[in-house]
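For clarity, chains are labelled A, B, C and D in written order, and residue numbers in each chain start from 1.
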Amino acid sequence: MMIVMKETASDSEIEAVVQKIERAGARAHPSRGERVTVIGAIGDVEQDANVASLGLEGQPGVDRVVPILKPYKLASAQFRHGERTVLDIDGRKVGGDHFALIAGPCTVETREQVLASAETVKDAGAAMLRGGAYKPRTSPYAFQGLGEEGLKLLAEAKERTGLPVVTELMDARDLPAVLEVADVIQIGARNMQNFPLLAEVGRAGVPVLLKRGLSATLEELLMAAEYILKEGNPRVMLCERGIRTFESAYRATLDLQAVPVLKELSHLPVVVDPSHAAGRRELVRAMSLAAAAAGADGIIVEVHPNPDEAVCDGPQALASETFADYAVAVHAAAALAGTETDQAKMGARLAGAA
Amino acid sequence: MMIVMKETASDSEIEAVVQKIERAGARAHPSRGERVTVIGAIGDVEQDANVASLGLEGQPGVDRVVPILKPYKLASAQFRHGERTVLDIDGRKVGGDHFALIAGPCTVETREQVLASAETVKDAGAAMLRGGAYKPRTSPYAFQGLGEEGLKLLAEAKERTGLPVVTELMDARDLPAVLEVADVIQIGARNMQNFPLLAEVGRAGVPVLLKRGLSATLEELLMAAEYILKEGNPRVMLCERGIRTFESAYRATLDLQAVPVLKELSHLPVVVDPSHAAGRRELVRAMSLAAAAAGADGIIVEVHPNPDEAVCDGPQALASETFADYAVAVHAAAALAGTETDQAKMGARLAGAA
Amino acid sequence: MMIVMKETASDSEIEAVVQKIERAGARAHPSRGERVTVIGAIGDVEQDANVASLGLEGQPGVDRVVPILKPYKLASAQFRHGERTVLDIDGRKVGGDHFALIAGPCTVETREQVLASAETVKDAGAAMLRGGAYKPRTSPYAFQGLGEEGLKLLAEAKERTGLPVVTELMDARDLPAVLEVADVIQIGARNMQNFPLLAEVGRAGVPVLLKRGLSATLEELLMAAEYILKEGNPRVMLCERGIRTFESAYRATLDLQAVPVLKELSHLPVVVDPSHAAGRRELVRAMSLAAAAAGADGIIVEVHPNPDEAVCDGPQALASETFADYAVAVHAAAALAGTETDQAKMGARLAGAA
Amino acid sequence: MMIVMKETASDSEIEAVVQKIERAGARAHPSRGERVTVIGAIGDVEQDANVASLGLEGQPGVDRVVPILKPYKLASAQFRHGERTVLDIDGRKVGGDHFALIAGPCTVETREQVLASAETVKDAGAAMLRGGAYKPRTSPYAFQGLGEEGLKLLAEAKERTGLPVVTELMDARDLPAVLEVADVIQIGARNMQNFPLLAEVGRAGVPVLLKRGLSATLEELLMAAEYILKEGNPRVMLCERGIRTFESAYRATLDLQAVPVLKELSHLPVVVDPSHAAGRRELVRAMSLAAAAAGADGIIVEVHPNPDEAVCDGPQALASETFADYAVAVHAAAALAGTETDQAKMGARLAGAA
């Protein structure tokens, strides 16, 4: 933290700031320039959070408070000295040199749909199956998901295909039920700053796929991850899924620059969801190739045996019959970015066989 | 819902869309223009939500889907035929002709602080006391509020001053404890789309102050209110508290145009929180006058007996000694906007007495 | 400028940064903390601009570059030691204690329309007449204004009413023609960063009303003003006219917090345009009262004798017959904010007479 | 254009809207639904622009005006019946199956720098040389470019290498000088809606690289292109260069979804500038691969023989010695997206030779 004093700040105003910083447990280093005095407040992230809470912006004589150190610790690249976190989810690896394709329907609708999607996904060499039983919907009149019924269908698909399951949790009270089937718990964009929920999945210790909020900064995403990590759960994947901008030609703007930057700032794997940003399958392939070429550690994408009949978000789902070809292209793009993967090899083999 | 077909759409593509709409329970009215065909899908909000879920944007031949009717019903001005909702909270009215000033500390810190704030607020003729026991914080290392301990202090302040209490709920599991003291439950900006929490306070039947999300549209705010109303709880206030923009000179951009527009769209009272948008008390008075002059039904503002010592958000709190004068000016601005209030009269009396 | 080095920066990397700063003509003060070294680069705004151009963010060992001093000088409040600029435009004052209402049609359409508007505006006690002869339009197929023909009509209205004229300049090559009639040249939002145009009106020495760009920060607005001031023209008014946000219920989001903040940062008068932000006259009155109550030095608003027949932006124009009443209310709100004005008195008189 | 009437609209209000539409030269088709009447206004883009100018939003009984047809014509994909525009710039092709790499320094600084960059760019198989002689700068105190002196250096580099030159025009009065050297005129992001400048380069007939404004929508970008096309100049490239978002970890957010969507909406080639969005060379390679994989028709990128000494934007320039390798990787990504190019082959040959 660096406190920039006003040009007109008096000695006693400077002294008052120094004392507040020291009472908060950090050390203050004033540095008097020709025109302004700048006070460095040195501490660890906890002390920094305390100093930030002091509201020094409002103190007499203070012009501005400028954060210097990152406000997260466990999520930072420094915390693991530059080594990348590799998650191992029932044998499927994500992060480091491992690229993972996660696919499945947006929403669990029927037994046939889930089982068919799961087979498609498995055959194309994807690493995991996604599918939602609890759906956050802007409208209370829209379909809210099958709930526990949906979880059971996911469990059956998992048993049949052996694919680990990624599914969303919206309410801490549903955690026990979700834990029965989920290999990875997804926290949706709207819940990125639902702090009690983050702490809960932190305590549960299960791998978490944490989606970036619609208007969240990368620092806020990393602070949300920190809530999970702080509870002792280091198994977190970050997910870019598009941010809100002024553009109305697509549902959200996929921010692929987040991929190399999150990998610079943090050791956690970075996954991209092109389906929700695009909102239309015509864009999903192009954006998947772009995400993989940008160095993403994984892609989570929607696929449906019959998208025109989907209950929810059908227009953005890839059709099953195009999925194997798609998977090969995505893995080729990942290889271009230097992410070498077992799945890529498997995908290539499958393509050769086809 | 209006489905605009592409210029190149075939008759069978048009027919397929008509059939999907009718299978969803709505009625389809195709209207063939010279260059494009437009299909109207007519239904109530439930059927509209169903049609919206069909994902017709992805159907062959479809160019765009344009919503026509508002997706909310209970929150709409039409629902009450233009009559405004007036909440009566233990004798304090908000909405219609009634302007309410809600004030108190950001966070409950100590017994002395809460009781002193409550007295200040009462003496200045404010209608209710605000104060947070559970605090959503971006950093897991920051002070998270006193929790149940804080609720007890609020209860004591309420007993002493007779002021109704407004306090935040973050976790549905804390509802019973919060209900013991809260006259109004505040749902914070980060939880505006925490749908299980909204449904829970809807079922609880207690008055709710619902804050607009940091990047939420007014329609999304009204849909969030609809989640509460749909559970049978009609006692909701909408709260504009600043939205995220590119401007870094203040914490958030207070969107005062939301005031007249929300009053046009909905029958619910509209309250403004200038403290969190400004982040600095220097701006709070100007923005409070502006909010009242724009026609707000109430203002919720932070006041602290000793802002420089506040644990959280001190810089944005008004100092107690300036509060009575502030309250008079705000009520004068409300009167200018045509909001006549008992509190205004009380404020004027107090001013005369001072 | 403050250069924050990485924790891993070597002594020679620190030294290299110091040398680059000094070669750019500024002085470097390294301050070695426990974990990071921070280098202050001290200079005036020109040297700061040079240091900013060095691109130190890309140097080995540099973590971040943090600006400390404001990048503008002539526009800053400090430049006039806290004294406010008051413009005197043919006897009408704006700034300091002087509130000015500027009104007229969006676009000059016909002789009748301009003359009728001008009479309405004058009768209600407004300070100046606005009207556009050159119109920036998103579509090349839309009406682009009457051009020189429009300027002649404005000249006639000015001669009849004695009101100073505010009109927009879009192309430096039209400057001589515009100067024949304009008492104030308006630079539109889309041209806020048209740097050659800013320099040109700076050299012309005529009063300028500079509108904030649709997504511009206040600092960028002040830097645009600095381009004009630097050419020796101190007669600049800043104008908030609404910024682009995600909200689609209105054309732009009027950022009234800009009013007190611009008055803090700069000595220049701050004017608000509620018409373009609202896009609908229903909102214009509420937002005008709010702007005046927030402390604006003036309001520029659209009025039309017959808005339903307006060629451009009719829905946002106030109807002439409501304007006198509107003017009284706005002046009352300005008085509430402490802006005492001759016009207010005139407005009050007129109201008394009505 | 579709005019949605209010539920309460009377027959005479409906009739009044119909008449206004027909007076504007378009045809009106009212369609009476159960709850609302919707009036279709059918015309070409000129008539649509007229109807849009009517301000029907403000008419009694009107709820909303919804545009149906795109407001641009010459820029639309339909205008060329799905055929893509391929620009041939002195033998270098862009668009359709042709991918072009455009590279060079941000700013022309010295003879040595320009000539060295040009050789680097040529040797790596790039199609064109970029370099700025006129620089739009936020600060009037920052280096504004070498002007005509810089144009002469570009002319020399062009003569030596045979590379076509892309350079920026900021002021219509500089057009004759710029035309002496420029093969492509760049219109910068801040000038995207400088309509007189657009019309001027339209009349000049020279190829134009039109950058998307910092907060512009794709529709606004296409309308800006329409201003150029309308003057009879069909040789326009669209350029995505990053938009402003809340993210502060990079200078702008590169919106790669714009690539497939612009190619859907328009026949014009789409080029991506990763350098200005990233602001740091560490991100440029990843984002270039991503842009090419997303299907861009070209990339315009900054390269400098000695970035640490660059006068402007050094941190985002690729170093010359890495450029050949970069060019090979970018062409491989373009090939993955199905953009087959002569340059790709050349790049591959060079890579083989290395």
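To be clear about the criterion, a contact is a pair of C-beta atoms (placed from the backbone, for glycine too) under 8 Å apart; a residue touches a chain by one contact, two chains touch by 3 or more.
Here the structure is a predicted model, which means the values were calculated and not measured.
Remark: among chain pairs B-C and B-D, B-C carries the greater number of C-beta contacts. Of all chains, the one whose mean C-alpha position sits at the greatest distance from that of chain D is B.
Interface equivalence for C-D, evaluated over A-D, A-B or A-C, points to A-B, where over half of the contact pairs coincide by residue number. Note: centroid distance chain A to chain B, computed from Cα atoms, is 28 Å.
Distance between chain centres (mean CA atoms), chain B to chain C: 31 Å. Chain B and chain D have Cα centroids lying 40 Å from one another.
The multi-chain contact residues of chain A, meaning those touching 2 or more other chains, are 215, 244, 246. Remark: chain B residues 45-46, 48-50, 52-59, 71, 136-143, 170-173, 190-191, 193-196, 199, 214-215, 220, 223, 226-227, 230, 244, 279-281, 307-308, 310-316 touch chain A in the complex. Of all the residues in chain A, the ones that touch chain D in their complex are 215, 217-219, 243, 245-250, 253-261, 264-265, 277-278, 282-283, 286-287, 289-295, 329, 332-333, 336-337. Only residues 2, 4, 7, 27, 29, 31, 33-36, 38, 40, 42, 66, 68-69, 78, 244, 246 of chain D touch chain B when the two sit together in their complex.
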